[in-house]
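What follows is a group of structures, each given as structure tokens.
Okay, so chain A shows up in both of these, paired with chain B first and chain C after.
This part shows the complex of A and B:
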């Protein structure tokens, strides 16, 4: 030990030089990725902000100041869109968390075949969302989908029911499809967290005569709480950004019942070529997302302090 | 002992798992059933769950009805493959830097990378369209590859970093002592040891790249021969007379490549992706 310390102190002059080298080397390694992200993400982001102050369209662009934002602030439809985005997100995230928790608990049970069940949960996470949605399109079809068909057979409904044709049912149908896409990831993260809970905690509680439910409530939930919070915020961000699901199922219809901020932005900018107005909406999205992320980081920090993760 | 369930509970668990899996797998089941049904029976009214003449004919006919189907699948694989390869080139050095080196703005720059994950392409489409136009990449494969890379770099760095952190530092230090340069150590000591991690991260990126093509394809590419599978199929939905059974067969065939890769590596993939959820 004495030798080691002597060894380190023997070369004090070399250290600062090595540090500079290390920093330069590190930045050289990071630079390519940074530059790429800069060109493809950061610069377009700045450009979006600039465009939001113009009336850019196919014909050209003119500086209009805060005009686009003023329009959004006055537009009742836009307020409704924001409200709808948040309720849509709220329902979807809640369902994902509840189902994810139930699913993870089930998959964590020590029953024969659990390895197989785990694999069977994953497909929605792996395949392209667009392809899964083709399946849901069919499921929701009133005339030949299994849902409406079975309901008719059972006598619950008289005629074919088109899930995507009515405002309310389309809204909930897209929520369910979004939950379907998100549940596997949430389930597997919860499962991984549950498996990381030290077994001696359960054993101690068991010896003390705690019931299964009690152990779940007082050991599992508190132990995986940080992961629950992470998943809540991550799913919130994913759901907020969810585009393909709604776009393929309803394109935001019927009568805007499923138009969320992302869909509205896409329709305005790409569908109607109103780049300026679309950019203003995109900026609103970026601001809201940043607020989410800051909340996320803030809560994560608090949790880390409280639960003492290293 | 603690984990032994009474019989009724085991039965209840299985029942719940069955319900849960039904929800997760129902669309696939429905797609498969639809693909087996002869076209004239698809639209039969009243609804019939079972047809007596299920056949795999759609799986043969689809190649004629959608002449570009094979091309779409190849496009998907090609785009995802290119995205994976190039992303790894960016990710490996950066992940190494975050795993091993100390440098100014380390946390800040990592935060910036992860911040990218916050956005989907949808927010940036307008300027991105112009960037790609300026670079002359619209309506080429690159229009779908380039944005794909940007949105997968952060995930890649994050995943690979945690892998590299697990490789014992002593090995590198031994190489340094022997006079190896940093780059040499990275190439000859760290990378060979990281091969399993590289495979897992590469697969995760491939699956991500395969899944995310839709938006970029419908926005930045109008050339039908270059379309990846999801976009190609979606265009097909708009046709006058959709042969739905073939469409379902095509969709299922199209996800086969990723499903196979995934099945082989699922154990490592899930462990790698959920690593953050487990306290060490």
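This part shows the complex of A and C:
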């Protein structure tokens, strides 16, 4: 017992402090994250860039220098694909923003059951894209689909119409399906931003006799503008990378009418086993997306300076 | 304690010895389903080989061949794969598969032309497993409703006249056409090309023969059929057309012999050879799917054994009858009495075209070959360009692909 008491009351020995250089300690802390990023991001990226300078295929690879890039620069078809990708993205993003803004405004209104409506807007975003697109495949089917069937019953068309069989209709059909998937996210972000707008601004404007449209134009839009810009750029990046939607609906056809850069890259690298040429296309995509990201960061920075930290 | 430790060590050693003897064959089965005839052979193979298991993976056609090739290229090849024979040249040229070891007895019993579909510069690279020829299925109820007698159209003009009558006088489209970005769009077109005396690649010289008058005539006829076909052929592949046929929405379409088993029993159907074009006789494409043994799996010998078991006369007969395929063997030569196709008018249509049929072209870059044909066919369906230009461009693109 006496021994035990002595132990408890004894002054604890001071453990020698391990002296670690502050910067080494910092590196140690971030090392796991850096290794992780290095393995899953940097290494594949470097490998893709390396492959893009080879003619890698099923049989092996040889260094070809800039040959793949030269071919892309000279290829009219590739230029058309870039153009098509940007127009497809432009229409899709514009529609998402407009519909998202309308949806958010309606969901922000003081109407009974708005919580239910907010839930109902989610499914296109929540449902796995592949499943959603199989649904759209049926909708677009001319002989068995509801769209063509309804149009026939209403007398708009006099026979089945295959939405995915013609170049223009296939192009717009994929845009519509992409918008269907993307609108809920945009709507919810806009809705969250609208709910952050101080109500006293609306009250003051109301007292001054401002109409609904005027308040929307002069209060809501400027207040949520940074979010609009963010969503525009993020949505553009998501849309640019959209693969499953087009692949499931049309596989890029007919006659390349819906072939975007991502589809073209997949077909080249995985479909035709031309890994080197596919890698060159992937590098072009990385460059274009990097430009998007830089633009995004630049604009966001400017907006933060102008509107504070909102 | 010592005894327990020794017993444990012995058990561990024993289990590791067992696992060293255990081997698993990875068998990729293109088509998305495992047929009873295949499963029966695999079960028998496992029973015969102690410690050997077979991981049988059924993958849909759309992605299957890409999967097998990519796995092989990545150094993790399947042991065996059942896939289209058109992939063999690419696999062989890239040293990803090993030659097949087909017995002399089997070789002599195959239908004419079958071994050509797996032979490259004298070496057989696959075990032929499934064979098909094609014919025209006609819905006689629709023909009669349209006021035409349901007789085999002998020429393209006769076929067009019948399709046109059905299209104009019934609710159905005259003919079902395939034009989707899919391999059987090429196959469907080749049925017309071979029925017009056309050639894609000269098998003797390897020369590109696509840019020809026969191709122009075939493409022009395909374009003409669009006016009496279902809406939007570029959204349809051949096997989807059976749904339209079953629903009475198309009057006729070209399909393999398995079509009979897929069509509704209440349809009064007539099965006839593909009508002849102006420059040729009735023809059909000859397509085989094969079993390829991959290099580097570590158990090629076992894989050969499995492939050989799957392609014996008995196994093939079971598959051909279960699936409803054109007979891959001349089963009489293997001692079969009264095989299913003998004295059967239905099978005469499919076996009659074998001798004069044209092969599926064997090129290394088969995806590019497919693109050449789908571009050309979709071009005429969508009226993007003239027949003259489309065939000229296709000829040039095929040169690039060869």
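The criterion applied here is as follows: the second predicted complex is superposed on the first by the 275 of 310 C-alpha atoms of A that agree within 3 Å, B and C clash if a C-alpha of one lies under 4 Å from a C-alpha of the other, contacts with A are read in each partner's own complex, and residues count from 1 in each chain.
Keep in mind that, in the parts below, a contact is a pair of C-beta atoms (placed from the backbone, for glycine too) under 8 Å apart; a residue touches a chain by one contact, two chains touch by 3 or more.
Owing to the predicted nature of the structure, the values given are computational and were not obtained by experimental measurement.
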Q: Return fit or clash for chain B versus chain C, each positioned on chain A through the superposition.
A: fit
Q: Would you check which partner chain A:253 touches, where first means chain B only, second means chain C only, and both and neither mean what they say?
A: second
Q. Which partner does A:270 reach: the first (chain B), the second (chain C), both, or neither?
A. both
Q.
Is A:291 touching anything from chain B or chain C once the two structures are fitted on A? First, second, both or neither.
A. neither
Q: Using the touch criterion from the header, give the chain among chain B and chain C with more contacted residues in chain A.
A: B
Q: Once the structures are superposed on A, label A:73 by its partner contacts, choosing first (chain B), second (chain C), both or neither.
A: neither
Q: Would you check which partner chain A:143 touches, where first means chain B only, second means chain C only, and both and neither mean what they say?
A: both
Q: Classify the contacts of A:221 with the two partner chains as first (chain B alone), second (chain C alone), both, or neither.
A: neither
(Q) With both complexes superposed on chain A, which partner does A:59 reach: first (chain B), second (chain C), both or neither? (A) second
Q | Touching partner for A:162 - first (chain B), second (chain C), both, neither | A | second
Q | chain C versus chain B - closest C-alpha approach in the superposed model, Å | A | 5
(Q) Going by the contact definition given at the top, which residues of chain A touch chain B in one complex and chain C in the other? (A) 143-144, 160, 270
Q. Along chain B, where are the residues that touch chain A in the complex?
A. 2-3, 5, 10, 13-14, 16-17, 20-21, 23-28, 30-31, 33-34, 42-49, 89-91, 93-94, 96-98, 101-104, 106, 109, 112-113, 115-120, 122-128, 130-131, 146-147, 149-151, 153-154, 157, 182, 207, 210-215, 219, 229-231, 233-234, 237, 244, 247-248, 251, 254-255, 258-259, 262-263, 266, 270-271, 273-280
**Q.** For the chain A and chain C complex, residues of the former touching the latter
**A.** 57-60, 141-144, 159-162, 164-167, 250-255, 270-273
(Q) Applying the document's contact rule, which stretches of chain C touch chain A when the two form their complex? (A) 66, 69-70, 72-73, 90-91, 93-96, 179-181, 230-236, 243-244, 247, 249, 365, 367-368, 374-375, 378-379, 381-382, 384
Q) What part of chain A is in contact with chain B in the complex they form? A) 19, 22-23, 25-30, 32-34, 36-37, 39-41, 43-45, 47-48, 51, 56, 99, 102-103, 106-107, 109-111, 117-124, 126-132, 134-139, 143-146, 148-150, 152-153, 160, 180, 183-184, 188-193, 195-196, 202-203, 206, 224, 227, 230, 237, 241, 243-244, 248, 262, 265-266, 269-270, 275, 278-279, 282, 285-286, 289-290, 292-293, 309-310
